[in-house]
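Common to both upcoming complexes is subunit A, partnered first by subunit B, then by subunit C.
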Partner chain A sequence: MTVATAHAAPPKPSTWTRVRGWVGNPWGRPRFLVGFTWLYMAWSIIPALIAIQFSFNSGRSRTIWSGFSTRWYWGDVDSVWSDADLHHALIQSIKLAVLDVAIATPLGVLLALGLARWRGRGAGVSNFIMLFPLVTPEIVMGVSLLLVFTHVFTFIQPSTTAQVLGHVTFSISYVVVVVRGRLFSIGRQYEEAAADLGASPAVALYRVLLPLLMPAIVASIAIVFALSIDDFVISYWLSCGAGCDTVPIQIYAATRAAPLPSTNAIATILSALTLASIIIGYLGYRFFTRHERAGGGLVGDMAAFDV
Partner chain B sequence: MAGEVTLVDLVKKFGDLAAVDGINLEMPSGEFFSMLGPSGCGKTTTLRMIAGFEQPTEGRILLDGDDMAYTPPHKRNVNTVFQSYALFPHLNVADNVAFGLKRQKVGKREIRERVAETLELVQLTGFERRKPAQMSGGQQQRVALARALVLKPAVLLLDEPLGALDAKLRKALQLELKALQQQVGITFIYVTHDQEEALTMSDRIAVMADGRVEQVAPPREVYEEPSTVFVADFLGVSNLMDAEAVGGANICRLRLGDFELDATRGKTDARGSVRVTIRPERVHLEPQDSTGQNRIPGMVQRLVYLGNSVQVIVHLAVGNTIQALVQNVGTEIPWKQGTAVQAHLPADALRVLEDTGAALAPLDENAVPA
Partner chain C sequence: MYPRWLWSGFALPGVIWLILLFIIPFYAVIGVAFGTVDPILFRPIPSWNPLDWNVGWMSQTLTRLEPGGDLWDVFVRTTEYVVISVGASLAIGYPVAYYIARHARRTKALLLVLLILPLWISYLMRMLAWVNLLEVDGYVNRFLMWSHVINQPYGWLDGKPVTVVFALIYGYIPYFILPLFAALDRIDQSHLEAARDLGASPLQAFLRVTLPLSKTGILGGCVLIALPMFGDYYTPNIVSGAPTTSMLGNQIDLYFHGTSQPTIGAALTILLSLFLVVLMGYYIWTVHRATKELAST
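Moving on to the complex of A and B:
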């Protein structure tokens, strides 16, 4: 009953149409965007890769490659391991970062809780002031903190303590922003449910709110650690001298004097630590939100940070 | 038996706005009591005050005679089923249900037994290890119920618990919820904007508007004998007509344009400008030449076939349009568009309403409760 109809073969598309379709086919993969993204990634990562490569140089040059070696990490008298200044700077950086995380995270969580729950006069202003450290140029903050410590709170002289206080001052805002975002997205319903079921405010905080805030707390820890270990300006202004030098300060000083691949080595260690803190943060976030996900990949997860 | 809630002159103000404006209600123990009204009528705020999430501006909340207006929520013997369920996402079903028991320091074995018992009650045995995110809306709703019921509260508060479910599931759960309430025998205070839901399940309904109670009565009475304009309007097609009450006490004499009608229902001692109502199924359409009391001539404007009945929209000579429902008994109805008829509005079906001034819901919202 069916009559087969002979269709004329469609005309062959021109080369231009095929190329055009390969790059920008709306039903296919976004090849142009993917290509552009890779280009940017290469651009931003290549300098770091070169710096890392030269940290393994067997020669004393930071520009001429003469073979692979780990002498700038340990072994050589000028290696990170043996050079007391570099060694000390690395320990100082890690010390500051750990103290910063340990102080800024709990304080930031409490501040976020307070600010998110505070309604009425002053709430708007304090929420706004909380964002100040994010927009204030770091150098301004560094200088003013130095003034405060040398003229007002004179019992705190430029020192490790001053550096930690400086780091906490600016990193606390990041904690507040991240945690408050999560607080707003989870709302008050779980706290009310907990109270309804007989949990006192303290128990509700510990049993319900903190577990739900865990992803934001882990994210904050990663951010604060990365910020602190990266910081140059504040650490520099509040430094007590050689004893308080952090890795960025050492690198800065070394680059101005006679740079050796050991500065590359210490920069590499620093990058590895920062990267590790971010990966640990991300894995922690994945772990603590494993019940809330209904699939969704990395990008979807990051969107849940809600900053 | 415990579980009697009394609200005395309850007021809640947010700034200058009175969300709840002087409510007096008595909900005896074991009753399925609904608060029905449009959004913004104060029903949820009232429920939240009973739960303890809001503090009353004025008034008292008595549970079995004790004022608990200043008792924090975690010390009240009432539990809530939230509209959004608010199940703890980091805990599995068993731990969600056990949460309240753990706060009461109940022993481990008893916790296990009571959780199992309650999950059986809501037909969720076997779901103990599931996380809320792995369950359907209907199942989550049951977990929320179990989590509250396991504590054996004196009163269970339900804030539109079926609002997020689809129509078919909602119907099924309405019946289940009612059966469950009769089984456990505790007071249910149920908040909804869905009149059908309230009529199906409740022992008594408080219809609310603008932070005030318009009428408290059993479903049948609220539907058949609305006392105020708002209640009549909110509970479906109401054929509201403006009239002038001119006399009578037990029988109210009404003047509508050039016609005089008698009404024996409602506020029959009212005088002056009033509103009257009649249920569409009580309007009798008669041939043009029929005579007698309480009849107004009109013309059929439109017929709407509804299956088991036909809705006839009649434009009355006094200027109003009213609806009449004619039961479908298998014979064709004699009216067509443009037919002149007499609308018989029996005196015992005409109801004189009290106007509390509450703003009526706009038409579309009335048709499809959002």
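Moving on to the complex of A and C:
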């Protein structure tokens, strides 16, 4: 029986030759890589989707699904809306993020301009120092800021003010990196043209350079907002106690105790805020670069957001 | 066309900010680590003058970090976790970055969005998601029991090193893949075609063209995730919390928030920074060089 079918069927390539064919053809579809990549994507996204799903659970469990409900957002005594701690943490997170954007963006834009064009003593050192906050482990920054506020700048002490100062300190460098990239790509010729046509330095800065920098500024605002909303370590080290708790601190505390689906709910709100800020920032970026689209498309645009 | 003082004037506020809140804080850690402790209130008394430094706490911490000391075990464990996690990130991340950069066509934009998405979902939320999944009655245990891999629920969250390493990989891998993707995406396809035309097999072309050209991306990605992993304390705390999986960051956290011995905590922070300075230096050097190239074009 088996012999008969073997004769009837056309000669099938062995598994080995087929695998070799996939791997060996550099211009063919690498099937193994396709599967692997999509598996990775599923692995990286699905757990978060399940966590979001359980924020809408009608039961008290985060592991057993018992139907759809929004009781963990509002209505229940332990919901985000009614639980004073969660409510306050959400406000604290947004407060820190807004203040961080308001301070770090102008500081960072000015610093980027200065560092890109200042050719004097101190420029090299400043360029070098600016990169350190990007690579210093957060715990080292957290410890050093905590100690500086408790032993040197003792008039501040761990507080909301200290948290804002800490957030700005780690955000500035991201703004500098984004804005400086844009500065290099636009060059100086537009300003020089403006000067040739009689613009004063102030006019060249305000009417020529600032509009050209707008896409980078909008991207920075979105990135700083998202970084600040997401930050756990700096907020944690500079916290003054319950009054300074942000959403990530609440999630951290809750996972170590026995969390309710309301923890998932507040985490969902937090992620929605981050995503919204990034999407708005991206749309703003597209808007301000609408006359420059010569190619690159989405992939090229996204380079502005990967820091 | 601009006045000469303008650019240095623009840089000034930011530079002052970083000096006050980035450099001076480092000196505060040094001052506390080399200071003394109030014998009654147990509060640290920092000493700012290097001539008055008290090296007692630092040398005590160093002794504990030597082989045989209690902190030595923590140091070895931290290094093990980080090396395994970075290695696994490379093994998982390289094929993904390679596929998206080289082969994805119509799905490239979608895959890139999915690749960046985890970066904008809160890190703590992604950890919370796995805590939910790994609970005794969570989906993971239920799936493993349904498929008869195990007969009774496994306590993933009861201080298992494997869970901590898994969580570290899961948390940091997006930060690894992105720079690697950028490096792979920059490789000019014609190099590969040239290699193939000159008779290289696909494997040879990969090993002798693609791999060397993506070396900076690989090293950059490894350093970029190894640095925060070495300072991590919240990931092990969230998915384990047991002293048997404690990392160096947990010890520092403990000295500040658990036992209130900031002097030892500060000494340990300095030693950790010194240990990491090589990695930080490497990364800054590559970024600095790339910026200079960009500025000169």
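Assume the second predicted complex is superposed on the first by the 262 of 307 C-alpha atoms of A that agree within 3 Å, B and C clash if a C-alpha of one lies under 4 Å from a C-alpha of the other, contacts with A are read in each partner's own complex, and residues count from 1 in each chain.
Going forward, contacts are C-beta pairs under 8 Å (C-beta built on N, C-alpha and C of every residue); 3 or more make two chains touch, one makes a residue touch a chain.
Owing to the predicted nature of the structure, the values given are computational and were not obtained by experimental measurement.
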{"item": "Clash or fit (per the criteria above) of subunit B with subunit C on subunit A", "value": "fit"}
{"item": "First, second, both or neither for A:74, with subunit B first and subunit C second", "value": "neither"}
{"item": "Touched partner set for A:287, first subunit B, second subunit C, both or neither", "value": "neither"}
{"item": "Touched partner set for A:206, first subunit B, second subunit C, both or neither", "value": "neither"}
{"item": "Superposition-derived comparison: subunit B or subunit C, residues of subunit A touched", "value": "C"}
{"item": "First, second, both or neither for A:192, with subunit B first and subunit C second", "value": "both"}
{"item": "Touching partner for A:129 - first (subunit B), second (subunit C), both, neither", "value": "second"}
{"item": "After superposition on chain A, the shortest CA separation from subunit B to subunit C (Å)", "value": "5"}
{"item": "Common ground on subunit A, meaning residues reached by subunit C in one complex and by subunit B in the other", "value": "192, 195, 201, 204"}
{"item": "For the subunit A and subunit B complex, residues of the former touching the latter", "value": "189-190, 192-201, 203-204, 207-208, 211-212, 288, 291-294"}
{"item": "Sites on subunit C touched by subunit A in the complex", "value": "1-3, 6-15, 17-19, 21-26, 28-29, 31-32, 44, 46, 92, 95-96, 98-100, 103-104, 108-109, 111-118, 120-133, 135, 137-139, 170, 173-174, 178, 182, 185, 192, 196, 201-202, 205, 223-224, 227-228, 230-234, 237-238, 241, 249, 252-253, 256, 262, 265-266, 269, 272-273, 276, 279-280, 283-284, 287-288, 291, 294-295, 297"}
{"item": "Sites on subunit A touched by subunit C in the complex", "value": "23-26, 29-30, 33-34, 36-37, 40-41, 43-45, 47-48, 50-51, 54, 61-64, 107-108, 110-111, 113-120, 122-123, 126-141, 143-148, 151-152, 165-166, 168-169, 172, 176, 180-181, 184, 191-192, 195, 201, 204, 226, 229-230, 232-233, 236-237, 247-248, 251-252, 254-256, 259, 263-264, 267-268, 270-271, 274-275, 278, 297-299, 302-303, 305-306"}
{"item": "Touching residues on subunit B, where the partner in the complex is subunit A", "value": "51-53, 72-75, 79-80, 82, 84, 86-90, 99-100, 103-104, 131-133, 147-148, 151"}
